Amino acid sequence: MKLYQKITLAGILGLAAVAGADAAYAQDAAPAVSPETAYIFNTLLFLIGGFLVMFMAAGFAMLEAGLVRSKNVSMQCLKNIALYSVAGIMFWVCGYSLMYTGVDGGYIGTFAPYSFDEVGKFATGDGGEIAGYSTASDWYFQMVFVAATASIVSGTLAERIKLWPFLLFTVFLTGVFYPITGAWKWGGGWLNEMGFQDFAGSTIVHSVGGWAALAGALILGARLGKYEGGKVHPMPGSSIPLATLGTFILWLGWFGFNGASQLAWGTAADVTSVSNIFANTNLAATGGVIAAMVLTQIIYKKVDVTMALNGALAGLVSITAEPLQPSPLLAIAIGAVGGVIVVLAVPLLDKLKIDDVVGAIPVHLMAGIWGTLAVPLSNSDASFGTQIVGIAAIGAFTFIASAILWTILKVTVGIRVTKEEEMMGLDKAEVGVEAYPEFARGGSSI
Amino acid sequence: MKLYQKITLAGILGLAAVAGADAAYAQDAAPAVSPETAYIFNTLLFLIGGFLVMFMAAGFAMLEAGLVRSKNVSMQCLKNIALYSVAGIMFWVCGYSLMYTGVDGGYIGTFAPYSFDEVGKFATGDGGEIAGYSTASDWYFQMVFVAATASIVSGTLAERIKLWPFLLFTVFLTGVFYPITGAWKWGGGWLNEMGFQDFAGSTIVHSVGGWAALAGALILGARLGKYEGGKVHPMPGSSIPLATLGTFILWLGWFGFNGASQLAWGTAADVTSVSNIFANTNLAATGGVIAAMVLTQIIYKKVDVTMALNGALAGLVSITAEPLQPSPLLAIAIGAVGGVIVVLAVPLLDKLKIDDVVGAIPVHLMAGIWGTLAVPLSNSDASFGTQIVGIAAIGAFTFIASAILWTILKVTVGIRVTKEEEMMGLDKAEVGVEAYPEFARGGSSI
Amino acid sequence: MKLYQKITLAGILGLAAVAGADAAYAQDAAPAVSPETAYIFNTLLFLIGGFLVMFMAAGFAMLEAGLVRSKNVSMQCLKNIALYSVAGIMFWVCGYSLMYTGVDGGYIGTFAPYSFDEVGKFATGDGGEIAGYSTASDWYFQMVFVAATASIVSGTLAERIKLWPFLLFTVFLTGVFYPITGAWKWGGGWLNEMGFQDFAGSTIVHSVGGWAALAGALILGARLGKYEGGKVHPMPGSSIPLATLGTFILWLGWFGFNGASQLAWGTAADVTSVSNIFANTNLAATGGVIAAMVLTQIIYKKVDVTMALNGALAGLVSITAEPLQPSPLLAIAIGAVGGVIVVLAVPLLDKLKIDDVVGAIPVHLMAGIWGTLAVPLSNSDASFGTQIVGIAAIGAFTFIASAILWTILKVTVGIRVTKEEEMMGLDKAEVGVEAYPEFARGGSSI
């Protein structure tokens, strides 16, 4: 549940707390938590959730650094810190306002930089009463989400895309595309009015990143030699421990991602919900790991660690559309299906010659669709039809807008390095700094 | 101090806060913190403490990935994400209830999956009053503890144990063994009634992991070539920076491990205690580092960085049984003894031909025993006799149960890879993914 | 703003909250947040901020491990865990009291170990009323700051300094030098009385580390071969992903560094300020990244990833002197200037033959000076003159004291390893443990 719905359902958060709105606590007539205390708690939730999600930037960087070949590792590190920076600026320049200001059931918000509360003041409601949280804390929390979306694209297109065109794409993805589809739901736009549900962003964050990545992969083409001679040539990542570290950091960050998407920490009921979300988020991830491990053992007679890692991430993406309502067993099952999707989808993409370096499309796009479809399994007020409308609308917009932009970039500045640069590795070609100058064998593998 | 004791001592946490129970604050007659605010604070403590301890899974993974040889790094990464997942499921399936539900001074709780609070509700006491914290937040916090125990085993048995039998062992360790001995103390069982003290788990978490690891190491045997020809052959770890990173992550997580074991954040007194625990936890770790460094400098004329790292961890394990009461100087001293233990015990284990790949037995078992024995140094209500009973009872149960299970696994499915697989490395043998395909020299060293 | 000023401005924090001191909230006459709740919140801020800054120790370790050559990586890891430990002990032994106890407008506090609150009690004001926060939480938060200062020195002097003399220097830096200059401002000393402003320590933490490092670099000399034959010989770092990870960890930690330096979380106004600080801190870092990237692209036609990483850090250092008052655009600009400083200063230092292995002097000293000078851009009550006095006084004291101590160490125990040891690498020479025994090519490069 995001801001708009929260407000629709419960009025000003602080006031709900004052009114002792929770029936189960009727014996305590007095205001349990003062509006100012609720303001402090809610802001706290955004800041803690925010720094956990911010750290996911490191998680994506390590995951991708571990899964590309050593000759492209510096570039992958550079792209990740650069895209986080671009997202952080663009979501202030226009992204936040496009997504959240004045959407009113429509399609887009306002084009304007975002203003934080004045120093020493705090946000107030229309009647001058204290608002639910500080505006900068909300901005911070939402900003780190859009950065996650951009990270997804970076993984899929690794090892052959040029730096600056990628960052130009990121400018539009984080400043315009993501905010527009986000506005449809979290900004209180038409999909929200229709009843589409996406608690923490299986579709709004993860699938959007996946669609942008898919459009890019199709237009950019596969890495040299990847599908040469009709065969799939494995190009193993350079460091499994870094990929593992990245996965654990992402898992950690997901507690902020899903938990703080409750958007309120000022009542016992809200805090209980956040706790349930923590538990379900963890259970779904474990389901994804175990399912991916068992399935790879059965199919391949070995347990590919990268599948276990991506299984965890797919489990997490799957539960993101609704981490609160499912029972623990359902949470495990939703995550496990995510893990299965990854194991089956990775070879499928290779069959289609779609070259997704880190498996981001199975993890974020496919498991994101699955998670969004799974919401009606636990939520009686959600309908499959509406979920499909939301998935399709957001997917179509993002895919088409991304494809157009990728094409424009391709025919103008170009998006792909030369064959020589790709063979040599992007680190030498564009970064000028090798990731492991003392021990990598460099360009030995294509 | 764990849940049971806290309840015994202070009644429902929230009520204690309402009653203004702290004598030092008598001048403020009015309820200082409302029951609902206390509920929110306590739940907050569990969730923050929980995510810090959850991240220790990454710490163990990096520590172990750094201390094994490169041919076994992928496997070590895989085992760590898998064991965290197994623990996360098993502690929901039966672990939590076996440990905490209906122990009542006895030996074991109830075999049942755990139920979280219903959505929109919150936990209440017998009289319908609001309880101290959300049930899911407590579950989450306890679950990450059991995962830490399983990680300890993984380190000791690295480089030669088969994947699936290890995970089968983990199923029982995290779902049954750990919960049973945990019930004796933290679940309010017989050891608790007797007055055994173990604030955050020097024995209950760390030694239990160490005993399970020791049983495994004895039954599994040493790595090929480790003690060949009557000599100890060093098998240096593949990446010191990853081991260092792992240690720092564990150190970070320990603030949640010890701090949130106060189990309450709703009064000024509790918050002050958590702060003191943070300070003492840090001081003990610094003591462990400095002691290990000075001692290795004296003995070996060099400062082995792995001893400094394990010194930090041993200092942390040592202070875990009582991080609140010791003076700063005593905290440093308790940690320093832990550091000394590590430096002396590592060669001792080698002399006994017990092959502990990462030094987990000195760090977690031996320093855990030391820390538990040290409690009476600061706590006048603790007795050495009772501490020894607790250490021995929990140790005996865990060691015997583990030895039986390891033996059953050995004679049925087998627990050790073949010689060829061990030479080749587990990454190629069981994972099918090399950790560093581009630069490791692979199986050059035995 | 640090403790002293906060107290000067607002009286006891808890009381300020009770009095409903914030004019913007006048419509709520009742005490909004009780003194005990404010105590809990403020302590929470210190502990959360503290563990985020504590984790910066891992960030510095990874940054430096990534930027030194593989033959010195174990040593760099060892130094970082050791210096954090030394700082943690020394700031208890005497550092905290020298900095904060009884400075009273003067030059130095009291030489004494620090005492935490008694267990079960909490800090009280002169009238017996509850104080603003627990003493141990404040100590913890301040202690992790001094550790950051020591880390800065470690990076600059890498690859040629001896272990134990470096740690001896750290004893004095963290126990005496840093506390003295800190007392001048944060302890309420003469610079504070004069109106010098340094919110979270651009000068007090970062420049102090930079001055100590500069003194060391001048006295220690450059690495063998670095400036041989009148040319600058690049000595590329061994692992860019570890350096990237370190940067992201530092970025994460900076939210605690700057955000918790608000020192109060108990009113809506304070929480709003912390949120604004989070946003501005992030914006400044992004400005540093983008500026460094664009400038290196223009100058070198490639984007050196280490410049992007140091650009982020320089942006963060730059905003640290005043992260609250600047508008978002000014925050970006302040960070961007930091990024430009790094790109220009790194070659400048090489021209001066000052060998700063990780670029800590440009990042921490130069950007620290810039950030302190930039305060009057947003704060009308700050003057350039006073800022310059503060920068100069703290710089002069730290540089001279450090130079004297480095010189004493040089002529007594010696501070530099032998040529043979430097060629062989410090890992073999002093640590006895290679960082990457299986794949580093060791001493191939000088």
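Residue numbering begins at 1 within each chain, and the chains themselves are lettered A, B and C in the order written.
Assume contacts are C-beta pairs under 8 Å (C-beta built on N, C-alpha and C of every residue); 3 or more make two chains touch, one makes a residue touch a chain.
Note that this is a predicted model, so its numbers are computed, not measured.
Enquirer: Same residues or different residues: which describes how subunit A and subunit B meet, taking over half shared numbers as same?
Expert: different
Enquirer: With a Cα-based fit, what is the angle in degrees between subunit A and its identical partner subunit C, given to the nearest 5?
Expert: Resulting rotation angle: about 120 degrees.
Enquirer: What whole-Å value do you get for the distance between subunit A and subunit B if each is reduced to the mean of its CA atoms?
Expert: Computed from C-alpha means, the inter-chain centre distance equals 32 Å.
Enquirer: Residues of subunit B that contact two or more other chains, please.
Expert: 37, 44, 48, 239, 245, 436, 439 - these are the residues of subunit B that touch more than one other chain.
Enquirer: Residues of subunit B touching subunit A in their complex?
Expert: 34-37, 39-40, 43-44, 46-48, 50-51, 54-55, 57-58, 61-62, 65-66, 73-75, 77-78, 80-82, 84-86, 88-89, 92, 113-114, 116-117, 119-124, 128-130, 134-137, 139-140, 143, 163-164, 239, 242, 245, 427, 430-439
Enquirer: Any idea which subunit C residues touch subunit A in the complex?
Expert: Of all residues in subunit C, those touching subunit A are 22, 24-25, 27-28, 30, 32-33, 37, 41, 44, 48, 52, 69-70, 236-241, 243-245, 247-249, 251-252, 255, 259, 265-269, 271-276, 278-279, 282-283, 285-287, 289-290, 293, 297, 300, 302-306, 308-309, 312, 324-325, 328-329, 332, 436, 439-441, 444-445.
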